[in-house]
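Next, two complexes with chain A in common: one pairs it with chain B, the other with chain C.
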Partner chain A sequence: MSVGPVEPHVLATEDFLEEVHSFEFWFQAVEGYLSDRPYGRTPGLESPVLSEGDREALVTTLCNYCVGETMALEGASGMIGFAPNRQQKIFLATQAVDEARHLEVLLHRLQELGVEDAEAEIGRRANRSLLTFRDRLGRLVESKDWEAALFAQNVILECMEFTVFQTHAQTADPVTREVLEGIVKDERRHMGFGENDLGRRLAHAPHMRTRLAEIRKELDPLVLGTFEETLEELDTPRDARPELGRSYLAAVARLGFGS
Partner chain B sequence: MSDFLSAYSIQNWLESCPQGYLLDTEYGHAPGEREPESLLESKALHEQAVRSTVQLVVGERCALAASSGLINAAPDHPSKRFLATQTLDEARHVEIFTQRLFDLGVKKDELESTIDQLANPHLVAFAEVLLEKVDKGDFIAGVVGQNIVLEGMAFSVFEMMQAANAQMNPKFAHTLSGTIADERRHVGFGENRIGSLIKEFPERKPEVEKMQKDMSYHMLATFSLAFSDQAAAFEEGRKLAAQSGDVAKPSKWHGTDLSVATPDQMESVLADTVLKEFKTRLGRIGLEYQTPSAP
Partner chain C sequence: MNDPLQAMRPADDRPRQRYTLEETGFNEVPKKYRRFYRRWEGQGDELAPNEVLCPVCKVVIRSTRDLRVGDRVYCMPCMSRLVVAEGEGGRLEARVAY
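Moving on to the complex of A and B:
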């Protein structure tokens, strides 16, 4: 927990992976932005009173974020059992606790917004495309297909969340913004894990790219459908809607999985 | 239920564990602490240390697989979140005990073969009973097996090892103290969460009690094999301590002085302590302890 700072990029590949997938490295990474910030926000930070319409829209949005984070928690934890090696298992354990923390801070925010029974509210407001995505990811994890599950979880799902949270943070109230910014920092680490592992596998087995492209073909419409449904519920003007989809596609492409 | 589960939040875990008792540690011990030279130089003591640490890694790998596997089966958000913290605790334990093997000189590329070669077969069988329940998504049996039986065993084993190492190997004793604090939290969750579920589903009792009996049998067999050929290493450790001028201080654990106890006496006090704890904890959640046959 206090190991002196190590510059991971000067290490040999095996030592690099040992270092960046460790509990110690995780704690150093999160310590800076989680200490003194209970539930992901600075104590005493206040948010302007929201109109009923704005509050309703925010509750719907946060409920869907909770669906996404629960899915990510179940996905990351479910993959530990069949992760190929010890370092990957340990990294996924850190990811599981990150996802659980995201769920907790979002539920806490819902509580602040006056939602009393969050689980019931989430059930009522969950987006259909997102629920279909959850089922599909669950099946990939259940089938213990490492490459497919990692791609769906740490590339597609994490890119979707990264894009949405980063975009939302730009216009959110101060409390929601701070919560989302903390989450985005974790998502970067999770995306990096997926990119690194799949990148090395693709270098040795380029034919795998075709298989991942098939999975992407199936999941992309669900991601874009999720955006569309959510933006519809939020009454976002039609001409502003494609931007989110474009940002998501660009994020996936930046990781080396462009169409 | 939600009130007690709020005590097991991620926020509380962050404040009490990584930002609490693990602060300023490195792989669970103070930075710079090392394994004692006498241990590294003595063949008998070194072999014993590697063998016993392998069992810790095997146990913690099982705990990691079980706690992560139970998240999907958990019926509510707070339980899922607690199990996520437990998953990371167990991953940390895998990491620190694996690191101890490296500190003891096991080469990285020989880690898996060393574990395969030295893993106690009874401990492997113990793990299989639990992981079969987890694979089926059986939350009640999984939590009893993991958080009462496995964690209860680990808690006492770690406590005894910590007491036995406090004087001669502070590095290892410090490593163990963080894991003991973690296990205490895990056992607490198991007791608190599962009691209400046992009340709700009383028809599950016989099956869960049978699992406890099977796991207890394999646990006792694990202890029996683990202590069966320890006399030489114990003797060597005490001889080296005397030669170095370190007079072994009495180290009482549940009425037994570990500094002079024979392997048989240590096995006996460990088994008695764990089984007594099982009876108490199982009684609290409404289950009746089942006595296993003698291995």
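Moving on to the complex of A and C:
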């Protein structure tokens, strides 16, 4: 059946939320940018041979991305069980699939770069701050604290990943760039889901803000420190870094969390 | 159900300019919605009267008519509900309405 354009802006709010949280929406969205890209890249696309130094830096960076994506996979799948409603459960199921795909394409890229034992490399190169963040997020999920887990994962972590991957893609080799650009398209949904769901909750229960601000104070330095190190590793020019901070701070400011 | 954003619509009843939306290559939403969005090209990217930038994910949102203060638009790529407001220098901008 042919489907013509449909003006989305005339949808009632309830219909819009139902639509964008649906599995069908997700399936048709990812079809647009993944169907012809096995492992997130155009078949046959080649990268120039990297110097040993550049390769080492990229491997370390991708290993840390794998830590982040594994954390998000475990977090999203764990949150399905205590998500407050059906729409959120379905959305989180699609997010879990996205995170699994991210992990797979990053592992595939590591393999292309000559990494034979990715698990060992990830263990050796993982950033300590990121591992601490992972443990803290894991405890929030275990405690079934919806607002705190959503804030830590879908606002703090996803927002930072979104901006770091975008920044990295601008200077990456062609293959890594395509892989990262595909991931960024998924991250738009994840961080939007977190900010919007939390925003609706805070509007009805503003007292939550104090508790979440405490969590933010604890987790912010861990994630910011991790990504600062990542950008250092990637030789991202210093004048490109404030943009990263601004994007993240803008998101938390919209939710009413001052710096 | 009443939508508070609908109640915020201004009493501007001048006729709206209509726009025919072409495909933009944007591929992050289902096909039937793709022409309502496009990638933002950065600071030099001038928005048309029927476009606003999503502050959450930086995708350009497009409408089939010119946008005015108080209009509601949706950013499907990041699932945000937005309301058009007047920004610095009278420029239209979208603000998140949770």
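In this section, the second predicted complex is superposed on the first by the 219 of 259 C-alpha atoms of A that agree within 3 Å, B and C clash if a C-alpha of one lies under 4 Å from a C-alpha of the other, contacts with A are read in each partner's own complex, and residues count from 1 in each chain.
Note that in this section a contact is a pair of C-beta atoms (placed from the backbone, for glycine too) under 8 Å apart; a residue touches a chain by one contact, two chains touch by 3 or more.
As the structure is a computational prediction, the values presented were derived from the model and not from experiment.
S.K.: With both complexes overlaid on chain A, does A:50 touch chain B (first), chain C (second), both or neither?
M.R.: neither
S.K.: Scan A:94 for contacts with chain B and chain C and give back first, second, both or neither.
M.R.: After superposition on chain A, A:94 lies in contact with chain B alone.
S.K.: Quick one: classify A:103 as touching chain B (first), chain C (second), both or neither.
M.R.: It touches chain B, and chain C stays clear.
S.K.: May I ask you to decide whether A:16 touches chain B, chain C, both, or neither, giving the answer as first, second, both or neither?
M.R.: second
S.K.: Scan A:39 for contacts with chain B and chain C and give back first, second, both or neither.
M.R.: first
S.K.: In the overlaid three-chain picture, which partner chain does A:78 touch, first (chain B) or second (chain C), both, or neither?
M.R.: In the superposition, A:78 contacts chain B only.
S.K.: Which of the two partners, first being chain B and second being chain C, lies in contact with A:169: first, second, both, or neither?
M.R.: It touches nothing on chain B or chain C.
S.K.: After superposition on the shared chain, which partner residues are touched by A:249: those of chain B (first), chain C (second), both, or neither?
M.R.: neither
S.K.: I'd like to check the shared interface: which positions of chain A are touched by both chain B and chain C across the two complexes?
M.R.: Overlap of chain B and chain C footprints on chain A: residues 3-4, 14, 24.
S.K.: In the complex formed with chain A, which residues of chain B make contact?
M.R.: Against chain A, chain B makes touches at 9-11, 14-15, 18-19, 22-27, 31, 64-65, 68-69, 71-72, 76-77, 80-81, 83-85, 87-88, 90-92, 94-95, 98, 108, 111.
S.K.: Which of the residues in chain A end up touching chain B in this complex?
M.R.: 1-4, 14, 22-24, 27, 31, 34-35, 38-39, 70, 73-74, 77-78, 80-81, 86, 89-90, 92-94, 96-97, 99-101, 103-104, 107, 118-119
S.K.: Applying the document's contact rule, which stretches of chain A touch chain C when the two form their complex?
M.R.: Interface residues on chain A, with respect to chain C: 3-9, 11-14, 16-17, 19-21, 24-25, 28-29, 32-33, 162, 185, 188-189, 191-193, 195-196, 199-200, 202-203, 250-251, 254.
S.K.: Which residues of chain C touch chain A in their complex?
M.R.: 1, 3, 5, 21, 27-36, 55-57, 59, 63-64, 71-81, 96, 98
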